[in-house]
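In the two assemblies presented below, chain A is common to both, partnered first by chain B and then by chain C.
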Partner chain A sequence: MITSPSAITERHSRSGTPASRPLLVGLAFVSLSPVLLLALRATGAAWRYPAILPSQRGVDALIAGLRGPTLVQALGTSVLLAAMTGVLGTAFGFVAGRALVRATASVRRFAAVAAFLPVVAPPIALGVGVQVLALRAGVGGGLTGVLLAHLVPAAGYLTLYFLGVLGAYDLSMEDEARTLGATPWQCFIRVTLPTLRPRLIEALLLGALVSWGQLALTLLVGGGVVRTLPVELLAFVRAGDDRLGAAAAIVLTILPALALSMLQRGAKRTGAVT
Partner chain B sequence: MSQATPDTPSRTGLELRKADIAFGARRGLHGIDLRVAAGERMALLGPSGVGKTSILRAIAGLDPLLDGEVLVNGVDVSRIAPERRSVVYLHQTPTLFPHLSVQDNIGFPMEVRGATRRDARRRADALLARVRMTKFASRMPASLSGGQRHRVALARALAADPAVLLLDEPFAALDPALRAEVRDAVFAMLDEVSGPAVIVVTHDIDEAAALADAIAVLLDGAVAQHATPTVVLTRPASLAVARFLGLPNIVDGVVDGAGAFVSDLGVFAARCAPGPAALVSRADAVRVAVHTNHASRADGDRTDGEPAMVRTGVVRRVQQCLGGALVRVQLGAHHVTATISDGESPSVGDLVAVHIDPTRVHVVPVDATRTSDHRRV
Partner chain C sequence: MRSRDGVGYVAVALVVAPVVAGGLYSAAASFGLAGAGATGFSVARISAVLTDPSTWRSVMWTLCIAGTATIIATVAAMLVGVRVQGSRVGQWLATASLAVPHIAASLAALTLLGQSGLLSRLAFAAGLTSQPADFPAMVYDRRGVALIVAFAWKEFPFLVLTAVAVLATRNAHLTEVAHTHGADARAVMRRITMPLLWRGIAPAVIAAFAYLIGQYEMAVVLAPSDPLPLSVLTYERAVDSNLAHRGEAHVLGFLALLLTGALVLWHERSRRVAERTLL
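The block that comes next holds the complex of A and B.
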């Protein structure tokens, strides 16, 4: 039987080449197994070596722990910091990206390198520098200082992100809107924002994610006073409470995963607009 | 100066006075003077990179004017924001707002000026009917073809009721078949509205000649000629303009003190000052007949009674084009491009009679300081 090339392509696009299947299975195992183990640990009352699975299962203690003030407050602090980092980082990245898109090539290159530095610098190294600045500015050990610290890498990420997005964005659309009678503000509200809405939502999530998982900067600048979810997770693990640690880790993982999945579904529904 | 505002027009159209316009990072355009009356269409021609788009953007207020004035219906709008100039700029590729339906795209100019959405949509529907796109009202721009986008973009521009409409190579992105169709539709629509002064930037000389009331040729940062299409195409202001227009026949010579242009091809009347000059003409000023004894037939095409200048040459190339065949004929040291007399079909190597119509050739001075004027055919 002769198989047409289009049929081969279709079959491969559905299930990948035979050689790629083990790789996909391996990738799924590497990605999902830690989460599954966390779930087992969080819902297992006792899991002693060498048992393969927890010997006792139950979620009562877990629910009690999650309802306790420590995790709830940490969750609130993390959400607040992530939201503010997302909003402020997006605003900064958007304004910087717009300015840079219209700048000369040499200015753009310099700015891209500057934005790249906090992205590539290890958080612990970045944290030491930011801690000094925060202490000198009198905001060390507080939420404001931690927010500013989170904004440093977020602003770098988002400036680079908007450099790419706005580089592909057709500025002539705004020019035409102006000559059609729109003021700069009308142009921004009625043309720029709606056109870039999917990209702005992505940027908000990216900024929030940078803050969401941040531990080194929070510890160094927050001085242990600002208790975010990663900080509490570390505390649970260090105190030997693996079960609550696993529960905190699941919360830490699931929320951004849900947000990204919603974003992806939204992108599929509306299509990309750049 | 008139007290009229762009919103209460005196309908004098557009005037650009001694405008200096930045071109990239430098002051590239000097002392540009242009005038387009209300309802008039002017084609702006020039080689790529000469600054045509920069002029349009300066008129629209999208780029600053370094010096000079832009007057819209008699009012200096040089320092006025783009949205208050009553000048609409249409980019080469129609940039419809992707998040708005066709109807709301057209309603956009009215809504930003304070009209309610209902009123804006009512007016948009009328404009959609005019461009025969009523059934596309609720469609999103991404689902439209290139030609449909052009029509919607033009309808949206007209919804702003502009005093000046700037079209920046509006059909360049379309394939040839669609281009002719969209071009005809767009200009038919412009014919229906009374009004705006229109500047069309184009590279297509035939399109400019067919659609515009006037042509301005932009060369080396200045307006080299601004006249009717007939004048520009038959009497280019300079050798550089003739070369840019692609006039096929350019023959060097000298204008003597008696006002006669003397060249290897013969002597022709000239209206320019004595000195180095060149004879320029379109292909239709020169006709060939295969046999020299057919000279009388080619000559018979003339109507003004002035005798044609007849030379004998050899056909070096026959070239087919949309308007018919053209031949490249060697006349001594020169080559000329000519049309073929009715009923003739010369072949390469044929000896032909070449009839040059002295009333349809033009003599232009050669500026010795301009190297572009010295390129020989």
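The block that comes next holds the complex of A and C.
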């Protein structure tokens, strides 16, 4: 039986089956239940086997634990590293991306492959080499060395990001501003920054997220001296203190959740997500 | 154009410089030319690592666990991707776990799948077990069940995002032609949508597999002590109090970088095939 193409397009504009209620419930269970489990563990003062739910709720003790110097300092270090990685990684990725979009197609293709390497290179393999380089440079075992180590994968991610963003950016606007007498600095402040502000904010968040969850590079280059939230979480798990570990895990999840919702909202506004 | 290419090359060089410098240092240290306990050019370190059965147990175990988790996550992402492509709520739910850092997800897996975890407690409540030891070991176990589940859980949202993006850009004309020739929805799904989706998603699958091979945060919490995952083995060698073992970390790190380099090339080839197919 032959059917008219317009009718087919209307009927099969999406060849997938629409999301059913059981599928949505299943996805909600799979995606969110581990986070709820962590919240349950963090607020349960005593949770002895075989109790299915914690017998005592211990929010007060939990808050005291979260306010302790260990977690507060670790949170401060993580926030500082994430912010610095976001800012420096964005600056680097933007400059690299601008240089690359003006280059020939073969250079851009080569750059995309090259920038992908630090993104997927195992952090431990990367860290073993970077650790020695940081020690030689006199920044091993310190915050600067860890920051430089976090910047390695972040620079790869953000170069790839800006290759995509600037590939779709109309450079002729800047050329027109220059023709009208704007200096390079004026052109950057008055044309480039306002136009790309949302993309730059997204890049800052992406760079911060790359640093936020890093454990292997922090341990290797920081030598156990730089104590970030993931490092403390691992220490809690190893010490058998799952409750404080779960509290740290929840704190560790909040920032990426906020960042991702901001990224999604931005993408929807620009039409990148339908 | 040539000077612009020059600036582009400088940018690329800066991005890969730490990886190349670290790789070269690891290569030099592998041959005894650098690093703690360097003795001059020698293949002793490489030989020690490559002839150690624990190295190959670690490599094979890591590849099996990463491969199994990648297959599970890919199949799930393809099946879910086609069903949530028109649903914002569905896409949000499928990708919500992206926000959970790997180390936090590993603690959730420990709390859920450990022998005194929530599943074990539910099994006790249902009368299936009478003590934690009766519940099958999934954490710190050689079969690596907890690690596979945790890996798949974390890679699933990334692959769903890719699947939805691929489905949104696919050539709808093929589907129309198939329907015109009388193909039903199931045939279109099996013969057109899924093959096209697979070609589009393949580069992301390779990237996920490469990432899982080097994953440390989940492996250090959930993996057994024998065989050790490659990332944990490399870390333990790197911080070993015996300086001779630290050189072995460079050999393992260099091997991992070579493996990653091969996967990056495979990824690029796969990406080009996907671009040609989907456009």
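Criterion: the second predicted complex is superposed on the first by the 240 of 274 C-alpha atoms of A that agree within 3 Å, B and C clash if a C-alpha of one lies under 4 Å from a C-alpha of the other, contacts with A are read in each partner's own complex, and residues count from 1 in each chain.
Criterion: a contact is a pair of C-beta atoms (placed from the backbone, for glycine too) under 8 Å apart; a residue touches a chain by one contact, two chains touch by 3 or more.
Remember, it's a predicted structure, so these values are computed and weren't measured experimentally.
Peer 1: Overlaying the two complexes on chain A, which is it for chain B and chain C: clash or fit?
Peer 2: Verdict on chain A: chain B and chain C fit.
Peer 1: Have a look at where A:L233 lands relative to chain B and chain C in the superposition and call it first, second, both or neither.
Peer 2: A:L233 contacts chain C only, not chain B.
Peer 1: Which partner chains sit in contact with A:L215 here, chain B, chain C, both or neither? Use first/second/both/neither.
Peer 2: second
Peer 1: Which partner does A:P22 reach: the first (chain B), the second (chain C), both, or neither?
Peer 2: The answer is neither, since A:P22 touches no partner chain.
Peer 1: Quick one: name whichever of chain B and chain C touches more residues of chain A.
Peer 2: Partner touching more chain A residues in the overlay: C.
Peer 1: Is A:I124 touching the first partner chain B, the second partner chain C, both, or neither of them?
Peer 2: second
Peer 1: Between chain B and chain C, whom does A:A182 touch in the aligned arrangement: first, second, both, or neither?
Peer 2: In the superposition, A:A182 contacts chain B only.
Peer 1: A:S172 contacts which: chain B (first), chain C (second), both, neither?
Peer 2: The answer is first: A:S172 touches chain B but not chain C.
Peer 1: Using the superposition on chain A described above, determine whether A:P194 touches chain B (first), chain C (second), both, or neither.
Peer 2: In the superposition, A:P194 contacts chain B only.
Peer 1: Please give the least Cα distance, whole angstrom, that chain B and chain C reach in the superposed model.
Peer 2: Chain B and chain C, overlaid via chain A, are at closest 6 Å apart by C-alpha.
Peer 1: Within their complex, state which residues of chain A touch chain C.
Peer 2: It is residues 1-3, 5, 8-9, 11-20, 23-24, 27-28, 30-32, 34-35, 37-38, 41, 49-52, 92, 95-97, 99-100, 102-104, 107-108, 110-133, 148, 152, 155-156, 159, 212-213, 215-216, 219-220, 230, 233-234, 237, 242, 245-246, 248-250, 252-253, 256-257, 259-260, 264, 274 of chain A that touch chain C.
Peer 1: For the complex, give me every residue of chain A touching chain B.
Peer 2: Contact set of chain A toward chain B: 170, 172-173, 175-183, 186, 190-191, 194-195, 197, 271, 273.
Peer 1: If we count contacts the way the header does, which residues on chain B are in touch with chain A in the complex?
Peer 2: Listed in rising order, the residues of chain B that touch chain A are 57, 60-62, 81-83, 85, 87-91, 93, 95, 97-99, 108-109, 112-113, 142, 156-157, 159-160.
Peer 1: Which of the residues in chain C end up touching chain A in this complex?
Peer 2: Touching chain A from chain C are residues 1, 4-5, 7-12, 14-16, 18-19, 21-26, 29, 34-35, 80-87, 89-90, 92-112, 116, 118, 120-122, 124-125, 132, 153, 157, 167-168, 172, 175-176, 179-180, 182, 185, 188-189, 192-193, 207, 210-211, 213-217, 220-221, 230-231, 234-235, 238-239, 249-250, 252-254, 256-257, 260-261, 263-265, 267-268.
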